[in-house]
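Provided herewith is a single structure, encoded as structure tokens, for subsequent inquiry.
In order of appearance the chains are A, B, C and D, and numbering begins at 1 in each one.
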Amino acid sequence: MVKYVYLIPIFPFLAFWLNILLGKQLGRLSAWIAIGASLLSTILTFGIFFGMVTANVHNYTCSLGSWISINGQTLSLGILVDNLTLMMLSVVTVVGTLIQIYSVGYMSTDIRFTRYFAYISLFMASMLALVLVDDLLMLYIFWEGVGLCSCLLIAFWHEKPAAAAAGVKAFITTRIGDTGLLIGILILLASGHSLRFTDLGAVQGSEVLMTVAALLIFLGAMGKSAQFPLHVWLPDAMEGPTAISALIHAATMVAAGVYLVARSYVFFIDHPLALHTIAVIGAISAVMAASIACTANDIKRILAYSTISQLGLMMLALGVGGYVAGTFHLMTHAFFKALLFLGAGSVIHAVHTQDIHQMGGLLHRMKVTGITFIIGALALAGVGPLSGFWSKDEIFIALWQSGHPVLFAVAVLTSFLTAFYMARVIFVAFLGISRRQQQIHESPLVMTIPLIILAFFAVFLGFLGAPWCINGAFQHFISPAMHEVIHMNWGMVILSSILSLTAITLAYLIFVKGFRLPSSGEQYFVCFYKLIENKYYIDEIHEKIFIKPFHQLCSLFKKFDCMYIDGVIHAVATVTAVMASYIRRWQTGRIENYLFYQICGIFILLMVISGKLCRIF
Amino acid sequence: MSVVVFYFLAFCIGASAVLSVTVRDVFHSAIWLTLTLLSIACLYFYLDAGFLGVIQILVYVGGIMTLFVFAIMLTARIGDRSIQQTNRQLWPGLLISAGAFTIMLKIILSGPWANLITLNPGIDLKVVGRALLTQYVLPFEFISIILLAALVGAIVIGKVKE
Amino acid sequence: MPNLLTIIIFFPLLGGLLISLIPRRNESIIRLTAVLFNVMTLGVVGVLCTLFDRTSSAVQFLESVPWIPDIGINYIVGVDGISLGLVFLTALLGLLAALATTSITKSVKEYFILYQILMTGMLGTFLALDLVLFYIFWETVLIPMFFLIGIWGGQRREYAAWKFFFYTLAGSFVMLLAIIAIYFLVTPHTFNMLEITSLAPHLNNNFQCVLFLMFFLSFAVKIPVFPFHTWLPDAHVEAPTPVSVILAGVLLKMGAYGLLRICVPYFPYALDYFAFSLGVLGAVNLIYGACAAFVQTDFKKMIAYSSVSHMGFVLLGVAAMNSTGLNGSLLEMFNHGIITGGMFLLVGVLYDRAHTREMTAFGGLSSTMPRYAFFLTIMALASFGLPGLSGFVGEFLSIAGIYFTFPWLAALSSIGLIMVVALFLTIIRKVLWGRPQSAVHWPDMGFDEMILLCPLVLITLGVGFYPEIILQFQRQAINLLVRMS
Amino acid sequence: MIPLEHIVVLSVFLLSVGIYGVLTQRNAIRFLISIELILNAANINLIAFNKYLSTPDGLGQVFALLVVGVAAAASVVGLVLIIAIYRLKKSVFTDDFNLLKW
């Protein structure tokens, strides 16, 4: 079974070409082609999954042929299937398929229905291929592919200037990271290393250079996973269709950065500085994004910042050696965040606004959406025993064991904030009184069924990694070398439970009961609030440091071209022309002048030769 | 005696040539040119080239000068005495022609002429005629074609177009 | 077929002669003849590609006939891995540009006669193996190009034509001097490029440097290298669409080809000496071109400047002096021909409809002209080097090559990579996205326009997925080049 | 017999006068007159050399004859041109025409 693994990305890829070339003729059928393709991939994935698990095979590699040779190395398109791959494949195919089904309802009225499904198929193909390939360069190739799809889908409603700008911004920002990744790959290539993930552990070379390579590879991951300071594109990316936000900007593509770090973990682990950087960047992103999420009013942006924050947590976990914790959170997060986004999409679909203050009381109008959203929110908030609870616990444990008190505190603070802002969304948007007069309907079945399925995962997926349930199946699965028995860490369970409950209570007090800080404290608080509300002015700083100078540089170059280079050219031309304008006055057009010159010439000739002639005579 | 004849002819040629380019009236200038050409014809006779002298009179004095006179008469007003006949490069022109004359004179006078001369006892017209129609028939025919072309060309150019 | 290359070179000229015999009122017959001849040229080139022995690094199909024996000038033509791809590119773009002449309505006959001469010049340049012959073909390209821009161009065509002409001519004269110099410097005196390949490297170092610079100057104008690039935006913008295609697709490659054919193998010491400067110029080209393109308001000018940027990769590849870089350089030349050719065709498609090239006049074409959007998107993506499309492979190899030699330059150039992305995404955003700016509904691309772009898109995809289809032809020749330098 | 160089000097003088005329006269007819002078200067030389240097076949005379023919043709065409341009511009003065300019 596993030898057919290369077919997994092929199905969506074919669906892409079918949809893009025959878009008009297919009409609504295109959606089912895309869904069919990804269903086939899903089935194949699970076939392989169970095939490998039952056969107790943890590793499968094969080469599909050589691609190019550089520096004496032949780079081939190879496939690596191990348990991490299998996990990612399952997440991508399941979430992808569900979201595509959801999209049929969500995008039903859109005029570019077929193109949407074409892009999403291309995304699925690239993402699945990204997960499957076995070396860094190939990963880079598909990495760019998913970036492109992300850009195209963010700008899907390109008539909105904001969407178009966001698409461009997303691609360029991630491209900055990707370029780092490319240079990192080049460093490895230049020092003669194999780019295969399986060989990365054996990389040798100058410590500094290799650390730089690791950091550059992480830069790629930072771009894709929207880590500080390259996170600015992700909130803007919410201009795209919500289903896309769910699929690409929450569940799969943004997790690719985490996947990359996890995939080349053997390489990072040899370079502590790089690993440490990952942890710090992750921590900064986590707490920064979580605090911004507390003040945002756009439901999608709240979720977007929450995504940044959660990805930060995963990076943090990976950075302190919590490989299992990071990947576990990656998996659970994919499901509940997709659920949250789809729920938000369902809400937006119904109320046509994204501002949570204009919603309210939605739970009564949209029962399924409301309940599933609350499940997702609780999972994200880390309320037990939903899936987020278990994965967050893993992270806490990893941090605790690593012995970095500051990082641990950051993680605690982040999860407190997470619970707080999710509770805020629920209290403001779903509970309370309705602020809208218009009739609000529940979304159609094609949208709610994926919600229900995802909610199911959000509730139960965590048990895979829960210590007392099937003995930490996930931990043993993702890290087959680990044999120790996983124990329940009751301290952490209590800590995180208290944390989320406190946060929710606090949110309840503020947003339902209208509790306010004493005025003296408020004064102090306003400044801070303003800073957060403006997202720490990071966008503005980017604008000042990068974008403006870039534009100025461009204008400067243009001016340089026109004024200096062309100026020199024109100066040469002008000098020639001026000289010519004098010289050409000799050309009077009068025959007698010409004759005069001619005779002068003859005269001079005579003068010259006369002496000689005389001598001859 | 013959020396006197030659210098007289030379004087006639020189003086009338100078006059033909200096007198104000174009018509007079044509008359002076006629005198120059006639004197040159006489010089030809003097130099034992009687046939050439006859041709000179026939073609130049009889043909070309007539044309000149016609041309002068056809182009009205140009013979008017009040019109400036020289252009702005009078002095440079004079200078350069005088200079050319001087320098050529210098070259000529330095030449070893005495050694060259082997006087021809007299040229038979028959010899000229035979040479013209045998050895030099190609240039001869060429000249006739040029003349024909000039004839046709003159008619074409001179024709008044409707 | 013993005289395959001679047939390839002079076949277009024969077409030109034939066209000159057709009365000018039979425009359609003239067009048909031109297209037919170009199809046949492409066919012969196709035969050449199949007969070409890709396992050999030697020059193949060599023909050598004494031409002016008194001063040692021979008619020598031959093809190897370096020129083969470019010959194919020339023949292909030649055919497409001959097909894309619907916008040419003025003096069609003269246009095609000049065009056919141009084709002969370009093919000859790539195939000539005698320096004088090379120079003659090189100049042969210049004159028809001057008229093609100056007569059939846009508003400022005369300015552009003169600028192009003088820039290139100035370069060519220096090259002529260098050719004469090299003739007298090598013993035995020869113009035979293959013989010089083994003789020139023994020259004294100073001579090498001077000659290198002289040749480089001439090629730098053609490539064009900053700061000799300002003819390019003008010429490209003013030239009619098919001429722009040829100009960007083939003419720029002549300079880079010269670099690979003459500068690299002849002057190894000088190359080594100047490699870093060359790399810096490449990086400057890359960044400067992208930046200057970014702020243009004229669509065609943007593409033109992006060519400057892309030629930076070619320079970087050459500066790398290793097989990766040179392979990348050559591949990038081929790819750039295909991609920019397509880009200019697409600009032409839009210009035919809008009669303007101002970016502000466009917008929202993605909804009104979906097919156009498809082609433009693919070409733009290939242009900025999206993996999976051809542009990436060449760029990656060039950057990798330069990294192996000068790591910091690669880091600097990578800034250019980001800028190029910004540039092409901005093009996509301004042209394809947003709300339609024009009240007039332009029709989408017709079959005749798509048929021109399809081969380019297919090649782009093909090379992107499996670069070996081009690399296999050039590998041996590049290896030889690396061994020599 | 007078020395040959005297005849040559005469011809050179005629030539110089002709050159002077060509350079300074603005009337196109006088222009042609000057040209005739130059041609005759050449002819005098041809005849004189024919006489003084022994050329049995009369080469000088043959050429003088040819020169006369050419001179005739030239002056015919020249005069017709003058008339034609006079008809067009009502002038025969060479400095009124600068059609050759640039």
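The definition used in the following text is that contacts are C-beta pairs under 8 Å (C-beta built on N, C-alpha and C of every residue); 3 or more make two chains touch, one makes a residue touch a chain.
In this text the structure is predicted, and so the values were computed from the model without any measurement.
Traced through touching neighbours, the fewest hops from subunit A to subunit D number 1. Centroid to centroid, with C-alpha atoms defining each point, subunit A and subunit B lie 100 Å apart.
Subunit C has its Cα centroid 37 Å from the Cα centroid of subunit A. Between subunit C and subunit D, the centres computed from C-alpha atoms are 61 Å apart. The mean-CA centres of subunit B and subunit D are about 6 angstrom from one another, to the nearest whole unit. Contacts with at least two other chains are made by residues 87, 89, 92-93, 96-97, 100, 104, 111 of subunit B. Chain contacts: subunit C has no residue touching two or more partner chains.
Counting partner chains per residue, subunit D shows two or more touched chains at residues 19, 23-24, 26, 94-95.
Pairwise chain contacts present here: A-B, A-C, A-D, B-D [touch as defined]. Taken in their complex, subunit A has these residues touching subunit D: 584, 587-592, 594-596, 599.
Of all residues in subunit B, those touching subunit D in their complex are 2-3, 6-7, 10, 13-14, 17-18, 20-21, 26, 29-30, 33, 36-37, 40, 43-44, 47-49, 51-52, 55-56, 59-60, 63-64, 67-68, 70-72, 74-75, 78, 83-90, 92-94, 96-98, 100-101, 104-105, 108-109, 111, 113-114, 116-120, 123-124, 127-128, 130-132, 135-136, 139-140, 143-144, 146-147, 149-151, 153-154, 157-158, 160. Considering their complex, residues 87, 89, 92-93, 96-97, 99-100, 103-104, 106-107, 110-112 of subunit B touch subunit A.
Remark: subunit D residues 19, 22-24, 26, 94-95, 97-102 touch subunit A in the complex.
By the touch rule above, subunit D contacts subunit B in their complex via residues 1-10, 12-21, 23-27, 29-30, 32-34, 36-37, 40, 43-44, 47-48, 50-59, 61-62, 64-66, 68-77, 79-84, 86-87, 92-95.
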